[in-house]
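Heads up, the next two complexes both have chain A, just with different partners, chain B and then chain C.
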Partner chain A sequence: MADKRIRIKRQSLTNRIFNPKHVMVYATIGVFLLIYLFGALMYGDKGFTTIRTFLNMFIDNAYFGISAVGMTMVLITGGIDLSVAAVASLTGMFIAYGNSVLGMDPFLCIAIAMVVGVGLGALMGAMIHYLNVPPFITTLAGMFLARGACSLISRESIAINNAAFDALAGWKIYIMKLVDGEWVKVKPIAFVNFNVMLFLAMILIGAYLLKSTRLGRNVYAIGGNEQSAKLMFLPVAKTKIFVYAFNGFCSVLMGVSYALYVKSGWNLALQGGELEVIASAVIGGTLLTGGVGNMLGTLFGVMLKSIIPALITFAGNLLSWWGKIATGLLLLLFIGIQRIVVTYSARRKGSCR
Partner chain B sequence: MKTKFDFSRIMKSKITWAVIAELMILLVCLIIRPEFFQISYQESTGMLYGSLIDILNRSSEITIIALGMTLVIALAGTDLSVGALVALSGAMALKLMRWDMSEFPTAGDYSITPMFWVILVALGICALFGSFNGLMIARFGMQPIIATLVLMVAGRGVAQIITNGRQMTTNFAAFKFISQGSVLFLPMPIIITVVIFILMSLLTRKTAFGMFVESVGINPNASRVSGLRSSLIIFTAYLITGLLSGVSGLIYASRIGQNDSNNAGINYELDAILAVVIGGTSMSGGKFSLTGTVIGSIIIRTIITFVYYFGVAAEATMVFRALIVVVVIVLQSEPVREFMGKRRTMRKVAMGGELHG
Partner chain C sequence: MPDKRILEMKGIEIQFPGVKALDKVDFDLIAGEVHALLGENGAGKSTLIKCLTGVHHMDKGQILYDGKEITPTSPQAAIAMGISTVFQEINLCQNLTVAENIFVGRQPMKRGKRIDWKAINRRAEELLLRFNIHIDVTRPLDYYSTGIQQMVSIARAVDVRAKILILDEPTSSLDEKEVERLFDVMRDLKKTGMGIIFITHFLDQVFAISDRMTVLRNGHLVGNFLTDQISKIELVRQMIGKDMDVIFALKRPTVAEGAPETLKVENLGIAGRVENVSFSLRKGELIGFAGLLGSGRTETAEMVFGVTRADHGAIEINEKPARIRIPVDAIQHKMAFCPEDRKRDGIIGDLSVRENIALVVQSRRGALKPMSPKEQLDLADKYITMLGIATPDADKKVGELSGGNQQKVILARWMATQPEILILDEPTRGIDVGAKAEIQRLMLELCGQGVSVLFISSELDEILRCSNRVIVMRDRCKAGELPGETSRQEDILQVIAEGSSLEEDA
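== the complex of A and B ==
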């Protein structure tokens, strides 16, 4: 007897590789490699190609990356979250005020911040879903609330002095190499710190959630067409609330990682950071209309956004505001590519009909 | 035909809630401190003074931008670049007045370029950038949030390049007049706002433009098929918003007497969007109300003034703002309004009254 089970035929490899959904990610990786190559040719002799420069890009931008993981998920559902930087700043304030003024354990403060951040995220998600309020406005209110709370706690920057916290901030894995059967640190000294590990772990968790769980499928389905998702009896409310709560969680981690980076809390810290985070997700190929995006793209989006300041530092004579213009141009380039990809795939779909 | 005073229609209107919110805040002010409403006339400057005047005066920057933003939001878009354009317009104006500061190193009552050109070029460059936004969105069909994010990021960079990263100061009387002068006993910014409001109302209510905007906002494809040039209308809306951001930038620069590429117009995009939404224009596009927007902007400023006036920590404004936003958006949200509407019709049915659509 013939096998009656319906075999789902996998698409051929070339088809899968040239899937227009992935073109954005290739573009991001390609542009990153191009800029890196450019940097290597121009400033290779000044040490642009060293492992240290490469890892520093991670160390200086890990906190944006952590938040970009949650933001990618929110954007895939077709929403947006403007409160991330404010919640991160609030976390920093909690740690700094709790530790330096109230004498609490910083990790207890982080736990409290976690409850507040995740709670606020879930609340915003519920408001967006049940009251049908635009995400932009809801999360804007969340941002005002978190920033206001920061400022009510303290209007000045508070330093964090705690042995355990310092130890965590100073924790490093040095990059070693084998010389004559002995492990020595590479020169110039390069290392990976807790923030970078956290960033990579979050990217992996995000990728796992999106790719291999039912939840991830629901996220894409809601982003593709919320009405259809509802008709398919997918748990739209639960998924949306989870995504915003998860983003709140990522924002708190961003705050922790930023506090580890600067070792202080400030009510105006990371101002405008939410748009940096959204920009890195978009550069990484996430569509703001929802339904498209993945973590690999976001990883390279964050790297691409961090290579520009690095290049400007190496150029030396360029002023920092060129960085803003370069980021703007980069965004323009990527939304241009996105536009072409979307039009192209729409046409392809159209011809199939 | 006689139009009946329909209470439920008024309760359902979004502007009503905004007006009620504003009156509530003012009522609280009145109860706590009646002198909040004092308005005095000062001979020397020929201007009226008082908290209420101050609210109108200080809200003008946001109101002017929000009037343009109303059109953009009615077209189901957003313009995030307005804050950067405020900085850009100020930078351009100061650059034209001081140039490279080598001839006249100190700030004074002079300008290198005539006032006419200062205003024209500053507004022109903002209109140019506004039309860049419009072009990307209308012609290339990019998403408004992301298309305007480009200028939001790059605009401040351009502003810094124009002034070479410097902060220039001016005491040029004609330029200062924009914010400190007065006409008809009122500060100049209020006059500018009123003039722009009248112009915008004429444009949207006396010509077909307003109807076209609503039509495109509700369904761009249907509008295009029925013969409207959607892209031209979208383009115009962004152009107007860019231009109005330039006006707002001139007022701001004139107020502080200098350019500040990093801090001028920061968060203006959020305040302007907020003003529009509080005013009852839905973010998903469609019907809009310029009057509502003005009320929304005044509400935001009233909260800020209220907080300053009563000596609450300045930072608490953010929390107040968040609470007001939450209250307004919850009241305006579809389920709540439907619920309110249903309750009212149910009561009517119970009383044996007729049902009107």
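== the complex of A and C ==
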């Protein structure tokens, strides 16, 4: 028997493509394309389809995206982290206060923020795992702690004026095109900045971790069934602590990225930002119950959340809270799709075979 | 083949607070044998296994593995030495693919520190092929049946180069065909020289697959027997320590000529779940429901009791049409239902025996007429004595009782409502032989008192022993009805087998 190699029919391509777990990502991409198409038809003449508009979407939302990378991993384990925006805000305060008031090097401030952010994340992860405190409560405490620390440092907005920091904020790569054998900037001028590069790099790192490392697969296993993961002798404690620490790292990067974007620190910056981040991940197909999600989905989740304010800007006469309404509707739509997919696959399994 | 002992456990003693869990127990395992470890609940089987896998530490004794003395310190250490365990519940992740479930935590890596997905899928496929399982390993685990999932967990256990495989009640959620397939796998593994320790409550399976057996009782070693030199009755006697003639003395109920129909079900069904089930049940009669897992047995019971609402068909109770939409309707019609998953749907583990027994009686009286603690206690004491529930007193938490006693508490809860129709869904699953016999005896006694019983079970011998008639379910439909007295197991299997096939086979 052993020498006769039997070919097993793997599932067909269509089956794999329409795997319920991927459907949500397709839905996100599909809805994004639809909205983009709508924008192109409505405001194409006003420049909606230019590279500049497209890239501005990234520039204006990269900091959320950076945090969404860590958040996706947390959500896949079946957890949640409400502290991200507060930690980011604290990072901004460290940089602004450290540099403008204490005269420290901003990059040293970032390093200190890193230690604090990653440390807080690891601490929360350890509490969640060893003390069995629900992630919601643990990270809520982390959020109050970080937000409180912000106000302790200063209750005023502090501007950041540092040459090196400004240089990093102003660093950009222009999009060029070849005209008559010569590279020229596209018109209207379009570029990516450090934040966008950082966001894309984090997406790639996140995707590598989730798809190609044991640690990443353990994240999925824990989200699928933590008890089983323990009985398969996977390093559950280590993985969960890593995930929250990594998310702390992403929160600090969001803070750096936001500071580069607004060039200041403010104790009330990014209020409610944690929910925006969670919304991006969920719209990108990450299940709040854990076990399902990926970086491609999160990338498009962030893009989909960013295209709406862009569209509203082009509409001109609409007020910005329409953005919130649209986000709310999108979230409802995607949570609806998730439920349908989950029940559909359950039913398919239950049906007579 | 010379007998090579891969494992010897000598004079194992483990002391738990207040009890000696194991007292001078010897156990040995020969390469290439299936060795059944038997005993009632609490006999010390799992303690012995946990001692071997490093969960518990022995106070006295010696473990020789491959001739060398070892002291396992943790399950991980045991696995590293080649001692793998597969538990009763499937401890895998439903959201991962089959292949990944086998390899998660020890995935083959490519250079550059990347998981080698191709290798994972290829090796998983080869591994399952060895077990004669032809499935697409790139599909998520939850696509496949419990039986296949159990095989996958065994594949995971075996692939870590195990020399000893411990199967702890692996068959309790499998149907007969899946059990057969598991046995084929076990026979294959035997040939490779692996030693298999098999723990189960199903004695038929012990006789079907094992070479030797070790029997424990109350933490003591009773004996070590060769399977072909011991009879089933003798084995049961060894396990229970007293004559088990009671289980063979059980008599199926006698239904009086012209007894009225208490329950008549006609073309009852829910589209897509279970279709067109018809049967009737007479006063004092016991009907057995046989069939594979998922064949529609539980669905039928739930429909009759109003747990799920039927969308077609009719129910008559005592020859009058009855509408049963929710369980309360069924309770009003003097029905009672002990569900399949007693831990989830039956007992309330944190409440006392007294509260659990009084539950339905109280709910029938309504919240405005609470039973006094005295009334509750009288009720509970009455049934504790009547059913022989082994509990120190009525105020012990039900969750702390053994499985058989939990089942008796549920039975008591419903008996307290004086039901006319009793539906029992797998009441004997996962409880030991003695308790099984007790439950069956009680069930038959109730029939003698005029209660009509629907008895769902995966164990054909108990169905055939107790039922007046057997209804066989297949593919969510009623597939046939057989007389209980004259049918044999093969007759039931015949009905189940007709027109069904294992769809996972290539």
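FYI, the second predicted complex is superposed on the first by the 338 of 353 C-alpha atoms of A that agree within 3 Å, B and C clash if a C-alpha of one lies under 4 Å from a C-alpha of the other, contacts with A are read in each partner's own complex, and residues count from 1 in each chain.
Quick note on the criterion: a residue touches a chain if its C-beta (ideal position, glycine included) is under 8 Å from a C-beta of that chain, and two chains touch if they have at least 3 such contacts.
Just so we're clear, the structure is a prediction, and the values are computed from it rather than from any experiment.
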item	value
Contacts of A:Gly224 with chain B and chain C, given as first, second, both or neither	second
First, second, both or neither for A:Lys211, with chain B first and chain C second	second
More chain A residues in contact - chain B or chain C	B
Residues of chain A touching chain B in the complex	80, 82, 127, 130-134, 136-138, 140-145, 147-152, 155, 267, 271-272, 275, 278-279, 282, 288-289, 319, 321-325, 327-329, 331-332, 335-336, 339
Chain C contact footprint on chain A (complex, rising order)	1-2, 6, 8-11, 16, 19, 21, 208, 211-214, 217-218, 220-221, 223-225, 227-229, 231-235, 291-292, 345, 349, 351-353
Of chain C, residues touching chain A in the complex	75-76, 79, 87, 90-96, 100, 104-107, 113-115, 125, 129-130, 132, 134-140, 142-143, 156, 272, 475-476, 503, 506
Touching residues on chain B, where the partner in the complex is chain A	78, 80, 140-143, 145-147, 149-158, 160-161, 165, 261, 266, 270, 273-274, 277, 283-284, 313, 315-323, 325-326, 329-330, 333-336
